[in-house]
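One chain, subunit A, appears in both complexes that follow, with subunit B as partner in the first and subunit C in the second.
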Partner chain A sequence: MSRKITSHDPAAGFFRRLRNTLGPKGMPTDDRGRMRMVLDSMILHIHPAKVDVRTLRFSYTWGLGGLSALLVVMLMSTGVLLEMNYTPSPPQAYLDILNLRTNVWFGELIRNIHHWSANLLVVVSILHLLRVFFTGAYRPPRETNWIIGVVMLLLVLGANFTGYLLPWDQLAFWAITVGTSIVEYVPVVGSWLSNLLLGGPEVSANTLLNFYALHISIIPVSIVMLMSYHFWRVRKDGGLSVPKTTAELAAPEEETTRPERVTTIPHLVRVELIWAVTWIAVMLTVGMLVAAPLEGIANPDISPNPAKAPWYFMGLQELLLHFHPVIAAVLIPVLALGALALLPFYDISLGSVGVYFRSWRGRYLTLIATSLSLFVTPVWVLVDEFALHWTDWLPGWPTWISNGLLPLSLLLLGFYTLQAALRMIFKTNPEERILIGFTYLFVALIVLTIIGIFFRGEGMQLFWPWEIVPAH
Partner chain B sequence: MMKTNRVEILIGMIATLLIGTGLLLYALQEPQRLVMAQAAQEQSDINDAMTLYAENCTICHGMAGEGIGSNPPLDNEGLRGTDDETLFKIISRGLFGTSMPAWNQEDGGPLSDYQVGQLVSLVQATDWQAVQDRVVNLGLVPRIPFAADPDPEVLALLAEMPGGETLSLGITVYAQECVACHGADGVGTALAPALNDPLVSEKTWEELERIIRSGVSGTLMASWENALEDEEIYAVLTLLTEWDQVPAGAIPAPDFGPIPVTAESLTLGESLFATSCSFCHGPEGQGTQRAPSLNVKGFLEDTNDQALQQIITLGVSDTSMPAWGDRLTEAEIQAIVGFIRAWEPDAPEVAEPARSGGGPWWQTEGNTAPGQGGQGGRGGQGNSGNAAGETAAATQTDNAPAGNGNNNGNGRGGAWWQQEGSQPPGQQQQNTTAQASEIVPAESPVAQAATNEAANAVAPDATQQALAMAEHTQQDGQGGPPEWAGQESGAASSEQSGHVEGEIPPFLLPDEQPLSWSERMDERAWLIVAAAIIIPIFLLVVGFLGMLRTGVFRRRSSVM
Partner chain C sequence: MTEINDTNITRRDFLKTAWSVIGGITALEAGALAIAYMQPRLAEGEFGGVLTIGAVEDFPPGSVTHITDGRFYLTRFEDGGFVAIYQRCTHLGCSVPWEQTENMFICPCHNSQFTSDGDVLNPPAPRPLDLFAVSIEEGIVKVDTGNLIVRDQFDPAHVAYAAQENE
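Right after this comes the complex of A and B.
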């Protein structure tokens, strides 16, 4: 590419000079120019000028990270538009949502896109986490990014949860009431924390304002900052983990041959663009066809039955039905999240990065762990629901032991037995045990969530899905 | 590479096209969508507001916004054309000098801004007939604005007295406008204080006049300044100060015409009475231990149709008489009233002692018909029972020895509509006593044979209702009902009962037996259970076979 024409170039005319200031002149024709363009561009320079061709394989990444980033951008742009038609104070908040529906051009569409994108973001973030886990991509040198990712997942859940309240309808009000009541069970600081979050003893105008501030500034700003760091970290850690086949894994290191690297433009950028446009089209279509739910205005006097938390917390709410709240709402989530975030530090194997499920053995063990969890979790829910009455059996004991630590210890004992059994039968190594453990517990969470969403009806009793009367 | 390239580009183009055309199409229908959303929102607001209206406004503005007394009608063009803000202010803050109080929470009322806004929509655009239906269905029918006819003899008497014209005008006006709240002869009602009272006549003329002209803020007493002529106000004032000269009974309670009755309404009323009322009031309205007799001359003569309708609609507080207004429509309640009224000509002078003697009707097992056939010997009905009746009784509960009928039985378990003749024996025992009286006549011709003419007084109706219901719900297990079951009401009530059954108030239903899990297992449930078992097993097998393939049993995995 020749010398860059600047706005000061006297040779160019007025419009030429203006145009040259605004952007690159023409598309590059050679690889050198393409690399130059990436480096010169503010947006594109999050990418290296060249990428390993193997990391472009779609069936390795499934475009999940990019989709999450796209959804964040879409959420911010729609969110800002929604913000312009919204007042975070109780009756008006609901009226504003109605107004979006009845008077604002594209109001309903934007709200729908925002709503469904937010829900999709939760799903995609979790899938992204699964992809990284199952390919072992969290291992050094990417362990920092793994922690950042876990934190961002929590922020996404937080953004979703705070956004849930903003329409100020019955659904929002009671889901948040149920969701925040969990906070009170935190030992010692619980009520203080709940007071801080809600701005008072219960969900009220203050809560709406708090959640609004969290939703539109604190959480998005944190997400954007962490996202930037996440992207930067990807490059600093040497790009994406490189997919390998099991055969490559078994073969001795052959890093002598230089990996084939291709220019980011067009190979990566093209795929990203098409992926983005496709998902924008999908979200637009969904937004046009499916209305975001909206119920009657929040009424603290009429509580729906059952009152359920947002769907992504239904696994937690299901746990609350089985354990003392301190155990279900504090101990188990804290332990699980801690174990998840610190995963790279106790899973010290370095090999098998880039191979889905580590190896063929890993794939089959994942299946076995999935099947065991699919079987054990529902059975445990049923047994605990109908057969186990710890508090009745141990009347003198504090309930956080009799209905908390005791069953939890038994479950952990069962979990250990399972690992030991698989170790005995299949001679699993530590890496595989972590794989089994993660799979087992994650599937259990999914099953609990499904039971919570579809099988809990009036009074949070177990029902068949078709027997459940809508909340009333 | 080139091929992938093309597919990718195709996907991208389709997506771009979708975005472009989608947005265009959406933009084209957006104005339409907004209009529709506005209409839908207004409907939804009005729908909510109807309930608010019923709960808060009917007492002054009437069931259908027709206005009561000096309280203005809302069903008028002027208000429909009034802008949002004005109406919002009036409802929120009230109107000074009228009995309209402030309704907004900010002004000390019970309603939120949002609800006031909904009421504004209601005033502007509702169909008042629908409002009336809602009010009736919620059982919130207001005291009907009524005017009474003053006793003509008293008027004639007064006319001869000096200055009597003024007093008689006062009586007339009072009977037109005031009696609704202040009651017959000024004795007062729950809504407004007595006026025929020394406390009132002691007040000064000016004070009374001010009250009538300006109303009393914070009460239902409105300003009558514009509603009445000066001379009418003067006449009413005269009445208030000289009430002691007016003979009692001069201003009677208003007389309403009877509720119109047709053959259809009687049939409907009969079946509704059978399903909703007879359990407590007895199949012939003769009363049970749960509720008083209705089929008695004194009650029917003292209680006019409107009062009956009001009692059924609103219920009677502190008794077990529920408000039926939210379960039945006005037409249905009037049908019941018509049906009850039809008893009046033949009603006994004294409440039929159905609860003395041989025990309450629900306890008389299969013997009801023959037993009551022997009119004089109610106490002996147990004896005149037939073998079938006795057997049925014998299978009955432990807590109610058959035949002696002294069980004060809660009877709850045995609401008659629950037994349609073909219940499994186990269930029969769960229920208490009532069933046999229905089961036996429905099933056995014996009971029918025993029915003699005299029994018609009570029995046929009871059995007939049962049969109608039995016919409705019971598809099999009954060898054809006796021919007298097919009387005109049979078909009608079986049609009706489908509708009515669902409306039986919960407290009347027998204690609900939750379905057991085995009963709840239908095909879909089995499908889920099967999937929950088969899928894990399948995955387990695949995983296990895979592990075999990797040679797990031969050596420790070398992969690390």
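Right after this comes the complex of A and C.
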């Protein structure tokens, strides 16, 4: 007879019954007792009762998904506190931030933690995506979760971008101005979309209100709903992908013994707790030591020089310096995001799931693609900046061809030549070509972002980082 | 009667379809409502509405005046015509200051340059600066900042003139 613990237990007294509603008391010491505890527990219902012991290997997952979830929770709790000290209306918004820094108990700390957690979340989400890509974990049956993940990455960027405006300082105002101007270049519906987003022709009080509503309700609610679905799908898809060594890859059907499964409590939860506490401590320390930036109050008449978008869009802004806006801001991002989201539907080899970089060969190919991109991307930026003048050379042509499709086609041709050369030398298979292509393009994005952040100064000209005069 | 019985729509199918149609319409309505709520909310007399700028004589021919409240530059040509040039750069939206000494608009963000009537002298700006409609009523200059005039090149039709005295 299994004793089901409910709040309605006639044998218990009033207070015992009241506390029973919170859950069973005491930690059982045997596996069976622990299993029951997990099954009954409201807090732990997102985890299965037992997990494959191999998926607990930290150097396989690096705890990136868990860290993302922790950061979302931290952002929501600090965000609610900030919300109670903030008015989404200029100029009060800026004054409220000043007030937060000086007059609100721990206001500056809460703001700093919120700011740095938000930036870290962008980085960690991207690292999580890289981990899943390089271990091949997005392949069936996990393709749905991959798409959900890509959508959540976009939502995280959206949350970051809308939050960027809220302090209403010069940095916020002009980063959002430059960032939203990119929207106007969407063909046909661009200006309508930009008008809708901004609530007018330019960043204004209406924009602040729109962004505030998106930032505190629509985007976080969407993220929480998708997160729940993401977690549920991890279980439905049979837990995490299982790490494999390259030796195991060579002899796939060796596995006759059943995989060892251990109880989630304490084996998984212990690691998660340590990881969470560590990062809470890190974010607290960072929040105490490093102040979130705040410049003077927004002035719509004076653009700082240079005016830069938020750092995660600097790769895109760098592309805008090289291509016609329709190509740089619409065609390239849409193609890249489409290729990323649909990855599990054309990369369908299942053999190497769980092996970092597919195989030993894959590791070398990844290294080669990284080095090539690290070399080619900066060289291309320099050549395009100083030697290529498409619009001057082809004066009669529409600029979206002369400074858009034409150089893009040449770059794609170069990319194809590279793949063909590697195919000749290494006899690469389709899976390895996708690995090379992803690595090459991702590293290119990182290089462009770094150039945009650190090497662009006054008038968005190229400078050495130490020669750049701060924006004025 | 027989014709109706011949069709393959069962009661279940009909209800299913009906419910999905109703559900779809409801979703569209909710979406349209959300979009309607995000639309620009504009007021008369501020930026976004019609602004009264001043008397025609206040702006000498050949001058460029920054109207801060309206976010535009009022250019009066040598022939007396007016255009209101929106200060927002057509490249990425920075505010373009008028450089009197250079006699052109120079964008601080990406170095786009424009003439006093807003035409592009130097890219990356893809098109001339946008305009607001200027109207002159009884010698008073009014500018409608609610409607942007987007143009590919200078068009004399956009220039507003004061009514001639010999009417």
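Basically, the second predicted complex is superposed on the first by the 456 of 472 C-alpha atoms of A that agree within 3 Å, B and C clash if a C-alpha of one lies under 4 Å from a C-alpha of the other, contacts with A are read in each partner's own complex, and residues count from 1 in each chain.
In this text, contacts are C-beta pairs under 8 Å (C-beta built on N, C-alpha and C of every residue); 3 or more make two chains touch, one makes a residue touch a chain.
All of these numbers come straight from a predicted model, not from anything done at the bench.
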| query | Now for A:Val469: first (subunit B), second (subunit C), both, or neither, which partner does it touch? | reply | neither
| query | A:Phe375 contacts which: subunit B (first), subunit C (second), both, neither? | reply | first
| said: I'd like to know which partner A:Leu410 touches here: subunit B for first, subunit C for second, both or neither. | reply: neither
| request: State whether subunit B or subunit C is in contact with more residues of subunit A in the superposed arrangement. | output: B
| request: In the overlay, answer first, second, both or neither for which of subunit B and subunit C A:Val334 touches. | output: neither
| request: For A:Val271, decide between first (touching subunit B), second (touching subunit C), both and neither. | output: first
| message | Give the list of subunit A residues in touch with subunit C in this complex. | response | 174, 177-178, 180-182, 184, 191, 195-204, 206, 210, 300-307, 317, 320-321, 324-325, 391, 399, 459-460
| query | Any idea which subunit B residues touch subunit A in the complex? | reply | 8-9, 11-12, 14-16, 18-19, 22-23, 26-27, 30, 33-34, 37-38, 41, 48, 112-114, 117, 520, 524-525, 528, 532-533, 535-540, 542-544, 546-547, 549-550, 552, 556-557, 559-560
| task | Please give the residue numbers of subunit C that touch subunit A in the complex, ascending. | result | 35, 38-42, 47-48, 66, 68, 71, 86-88, 91-97, 107-111, 123-124, 126, 148, 150
| field | Complex contacts: residues of subunit A adjacent to subunit B | value | 91, 94-95, 98, 101-103, 105-106, 108-109, 249-250, 270-271, 273-274, 277-278, 280-281, 284-285, 288, 296-297, 349, 351-352, 358-361, 363-368, 370-372, 374-375, 378, 425-427, 429, 431-432, 464, 466-467
